[in-house]
Amino acid sequence: MDVRLETAVSLTKPWATETAEPAPYRLDVSLERENLLPVISALFAAEWGYLSAITGVDLGTAVGVVEVLYHFCEGPCIVTLRLRVPYDDAQIDSVCSIIPSASFFERELSEMLGITIVGTPNADRLFLPDDWPLGVYPLRKEYVMQG
Amino acid sequence: MEAVKDILALLVFPGGLFVVFAGMMYEWLDRKLVARLQNRIGPRWFQPIADTVKLLAKEEVLPESVTPFFFVVLPLIALAGALTAVLYTPMVGLEPAYSFPGDLIVTVYMLSLLTLCIGLAGANTRNRFSLVGATRALTQLFAYEAPFLLALFGPAIAAGSWQIGEIAHYAESHWFIFTQPIGFLVALIGLMGKLELPPFDSPEAETEIVAGALTEYSGRGLAIFRIGKGVELVVGLTLIVTFYLGGVANPIVFFVKTIGMLVVMAALQTLLTRLRIDQTVGLWWRYGALLVLLQWAVLIVVQIA
Amino acid sequence: MTLNVTQEWQGVLDKIKNWARINSPWAIHYNSGSCNGCDIEILATLTPRYDVERFGIKLQGSPRHADVLICTGPVTRQSRDRLLRIYEQMPDPKFVIAVGTCAISGGVFQGCYNVIGHIDEVIPVNMYIPGCPPRPEAIIDGVVKLLTSLQAVPESATA
Amino acid sequence: MRIGMMLGDVLRALWQRPVTEKYPFERREAPTRLRGKLRWDPEKCTGCGLCGKECPSNAVEVITIDKKNKRFVMRYHMDRCTYCAQCVQNCRFDCIEMSHEDWELAAANKESFTVFYGKDEELDAFLDAVSASDLAETAVS
Amino acid sequence: MMTVAAPTTQKSEKFIVPIGPQHPALKEPGHFEFAVDGEIVTDATVRLGYVHRGIEKGTESRNWAQNLYLLERICGICSHTHAFAYVLGVEQLAEVEAPPRARAIRMVVAELERVHSHFLWLGVGAHEAGFDTLFMYSWRDRETVMDLLESLTGNRVNYSACVLGGVKFDINGEQTKGILEGLDFLEKRTHHYLNVIQQDALFLQRTRGVGVMTQQQARQLGVVGPTARASGVARDLRIDAPGQHYNDFNVNMILETDGDLAARFVVRIRDLFESYRIIREILSNMPEGDLVVKRMPRKIKAGETISRVEAPRGEAFYYIKSNGSEMPERIKVRTPTLCNMASVLTLTVGQHLADVPMILVGIDPCFSCNDRSVTVTQPSGQREHWTWEQVRRFGIEYYQRQGGQ
């Protein structure tokens, strides 16, 4: 295992519920939602990589959960923090207080998948048009494209 | 008979048709030269004519929130000003059509009218975009006008006259480009500033010559402003050549000199990065005006001595 | 007799107008949701290699100065109003060229949720240039075809 | 720090011929790999339909008239085509190629963008079979 | 096709002048909002979406091969990057590996694309600074590489070089020769341009000391690509993560430490030399073999993967999830501009509004930002919509007041 990944393992260890290494240079850390900020603070304080993207994956209406992935990259290594956000309590803490540049990713996440970002400095729409109906989230599986 | 001559002078030569046509040809030459210097072919010779005719035939959109009277009249005043200036200028090296003591000052004033009208037209349109453009046009006027004037007055002082015709005759025997090189440079660059040609077109790209203040002008108004600019280019170049490059002369020689100036202007346009207005203003006031004044001082001392 | 003379004059005037229009098409370009590919190619036609200034084409910033609207890309929800506005701001006579496959039919973006459709669902189009993106030569070809078609059309029909 | 670094280029340009191409007065040969208008050869087609299956924009349709006798017609929508050549890649029988000669495709109306390919007799049969109104509909879509 | 009711009113008094590609950097529409206190920017946000088409959702209803072409059309400047990142991801999921020759060809196309993109940006930057001659000349020379790409791939913009499991075409000897000749010419020109941007006094006035981003800032903002490298952050996937696509050829890191616009120009130009070197190296050591793997499944095994490719603008990030069917479950694309865009917004805070346009151009915004409508929020809370042109004018006038004193 790459030494940088080892550092990441030890950094995230206190909060990780599950750790996996799905591919070389990759580390998946599953978290509880409330532990997101401490983990990110720890990574940021140690200057481990940078926030490369936030991905939201809708697992489907049957499960009723959106999985939110925070990808941190450092050289060849990618650490992915995995959080599960249920539909009925779709909110998550903003990381903008630690990483200001995450604002874009959070705005995208919230408009595309209907997740409320608690404490984000700007919750305006980023990509969707002004006349897009409220409460419709295009990247949810329940949204089916016509035509 | 005198009346016929006056009408001809006003409408055909040197005012009116001739100078409008000459303005278009100069504009074409300028664009063509810039294109060639950028390794392109550039426009065809009738391009400005086609542009103008097309604009004249196009729908004129009268935007809301303008005072229609000024919207229509301002371009006409601008063109009239430029055309009036022609009458006192020794076109193609011939004697000016009209002349009176102090006509240099009137001419220069008439030339400023165009920019002033553009500024007012922008302000009249009253959308924020044009307004800002108008302010900018007027500031630029403020920036280059004084040095440009000073540069044109240099030869006047040397010749001891404020009459263009007399200065021109005096200049025949005194090539002021050698005795007053700074004045020449400032006048040439000032003309570029006046016409908002590339290095001084601060916020404009090569594709939009006047979009700022004239954004809302679509058909006739735009065409008339463009004609006005063409005329001003002709008058400005003629004045510079007359004053600095040997006065009234054989029309062919005079024409060659004018083309030479145009080439220099085109080269400057292609070579220089656009100046921000702060740089333009700095250039004019810190260097242009000061240097010309210095030259004046020297001149006056020499004259007295 | 006098009627004939005026008609003849009118005919000559129309010819001159038409000639000027064909030789001085000022363009404005709007991207209503394309991938930039067509936009770069349109831009490339301005550069020394293709140099559309040969035909008197100038890109203008203000829709008020333009005769030809060059559109690229499918129309997204957000940019639809914009496109309409530009079109309305242009003075008559005006022409629209749709450049690229997505401007004509939506191309690969057919059915994407934020895409309303293609250009001619929003504004009338005079010339279509397919390609993804069309080569600069193909764009020039389209423009020339548009200009040639103007030559044939009598004045009254275009105004 | 100097002023006018491009002077050399600019002066050279005065003597050089402009690089501008004379198109459309002189037409430069396009590279042979250019992906222009699609061409279809009905002789070799087996009607497998793989070309249409992975077309990203539904630009090609192979219409079967008689499967047994291998009678097919292709309807090609030039206006939808993205000229990606995935169909060429997919075709195992080399029936499809992208022409490098036909790339000046501009037209004033969209009807001309729907192209039918096929052997003459099949094409006639097919076009007869399709009613005029149907055709008009396809042209619009 | 969805139908949308036409909005009845224009939402605000927004005066929008979509200024076309005279400013090719800023082609695609975006809407920036800067709050200013006097002349100092206190807050900045951006509204994108004028060209948002819904590609990510679109991928979920197209099969794997169709998606290749859909994703390629995310961006017309770095189309190959997107295709490249996508096929890498899908191949990882399907557990196939493209043959070595195919990988080499992909790299050649990627590097040629970088060359064209940097030339494009050089022209754009020059144009934005008002140096049209440099714009014209750099775009003239760019045609050289466009010709190479066209004769190699068959299209000038959307190369469609990749297919799942390989590439579409081979590079033959004649093309190799053509590319090498083209590169020699470009290298000569690039030296010239490097001189120009480093020495032309008037040009430097617009770039030196503008939009400075320190190394510390760059690290914190998570910028990528040349923007990061101009601030001294060594971040280049071709070097950092060679496992994915550059394993056979080593790339040198190009770093500048000034962090201003001039440095961003220099980094990109010096990047070009590195690209020339890499292309030459690949062409002289071209591996033999097939172009496409024998068997590429139509259905991709369930699973998820991340693939990253160094685009001309920085790292392009792909997250691909498959559910084992013919269509992907989820594809997430993060373009480099999104990362860098955040840096613009942060950098402009505390800066003069006058410097904003050049800073924006400095990151080489690819997917964003023109129509260039800007909202300026005054301290009184009054909001005004400005066009991009107005901001520029504002800047110019601001400087004038400064300079006129």
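Order of writing sets the labels: A, B, C, D and E. Residues in every chain begin at 1.
Note that in this section contacts are C-beta pairs under 8 Å (C-beta built on N, C-alpha and C of every residue); 3 or more make two chains touch, one makes a residue touch a chain.
What you see is a predicted model; the values in this text were computed from it and never measured.
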item	value
Each chain counted as touching subunit B and subunit D at once	C, E
Intersection of the contact lists for subunit C and subunit E	A, B, D
Of all other chains, the one whose Cα centre sits farthest from subunit C	A
Chain whose average C-alpha position is farthest from subunit B's own	A
Pair of chains with maximal C-beta contact number	C-E
Chain at the geometric heart of the assembly (C-alpha centres)	E
Mean-CA-position distance for subunit E and subunit D (Å)	29
Whole-Å gap separating subunit A and subunit B, where each centre is the average of the chain's CA atoms	61
Centre distance in Å when subunit B and subunit C are each reduced to the mean of their C-alpha atoms	33
Whole-Å gap separating subunit B and subunit E, where each centre is the average of the chain's CA atoms	42
Residues of subunit C whose C-beta touches two or more other chains	47-49, 51, 54, 59-62, 76-78, 107-108, 110-114, 132, 135
Two or more partner chains touched - positions in subunit B	35, 37-42, 205, 207-208, 211, 215, 270-272
Per-residue overlap in subunit E, given as positions that touch at least 2 other chains	1-2, 4, 7, 17, 22, 49, 52, 54, 57-58, 61, 66, 69-70, 73, 133, 136-137, 140, 143, 150, 155, 158, 200, 202-203, 389
Inter-chain touch pairs (all)	A-C, A-E, B-C, B-D, B-E, C-D, C-E, D-E
Interfacial residue positions of subunit E with respect to subunit A in the complex	1-2, 4, 7, 11, 45-49, 52, 54, 56-58, 61, 92, 219-222, 240-243, 304-306, 308, 315, 317, 319, 321, 329-330, 332, 334, 338-339, 341-343, 345-346
Contacting residues of subunit C [partner subunit E, same complex]	27-44, 47-49, 59-63, 70, 73-74, 76-82, 85-86, 102, 107-109, 111-117, 132-133, 135-136
Touching residues (chain side subunit C, partner subunit D) in the complex	48-51, 54, 101, 104-108, 110, 120, 126-132, 134-135, 137-138, 140-142, 144-146, 149
Interface residues, subunit E side, partner subunit B - complex	15, 17, 22-23, 126-127, 129-133, 136-137, 140, 200, 202-203, 205-206, 384, 386-387, 389-390, 392-397, 399-404
Subunit B residues touching subunit D - in the complex, by the definition given at the top	35-42, 267, 270-272
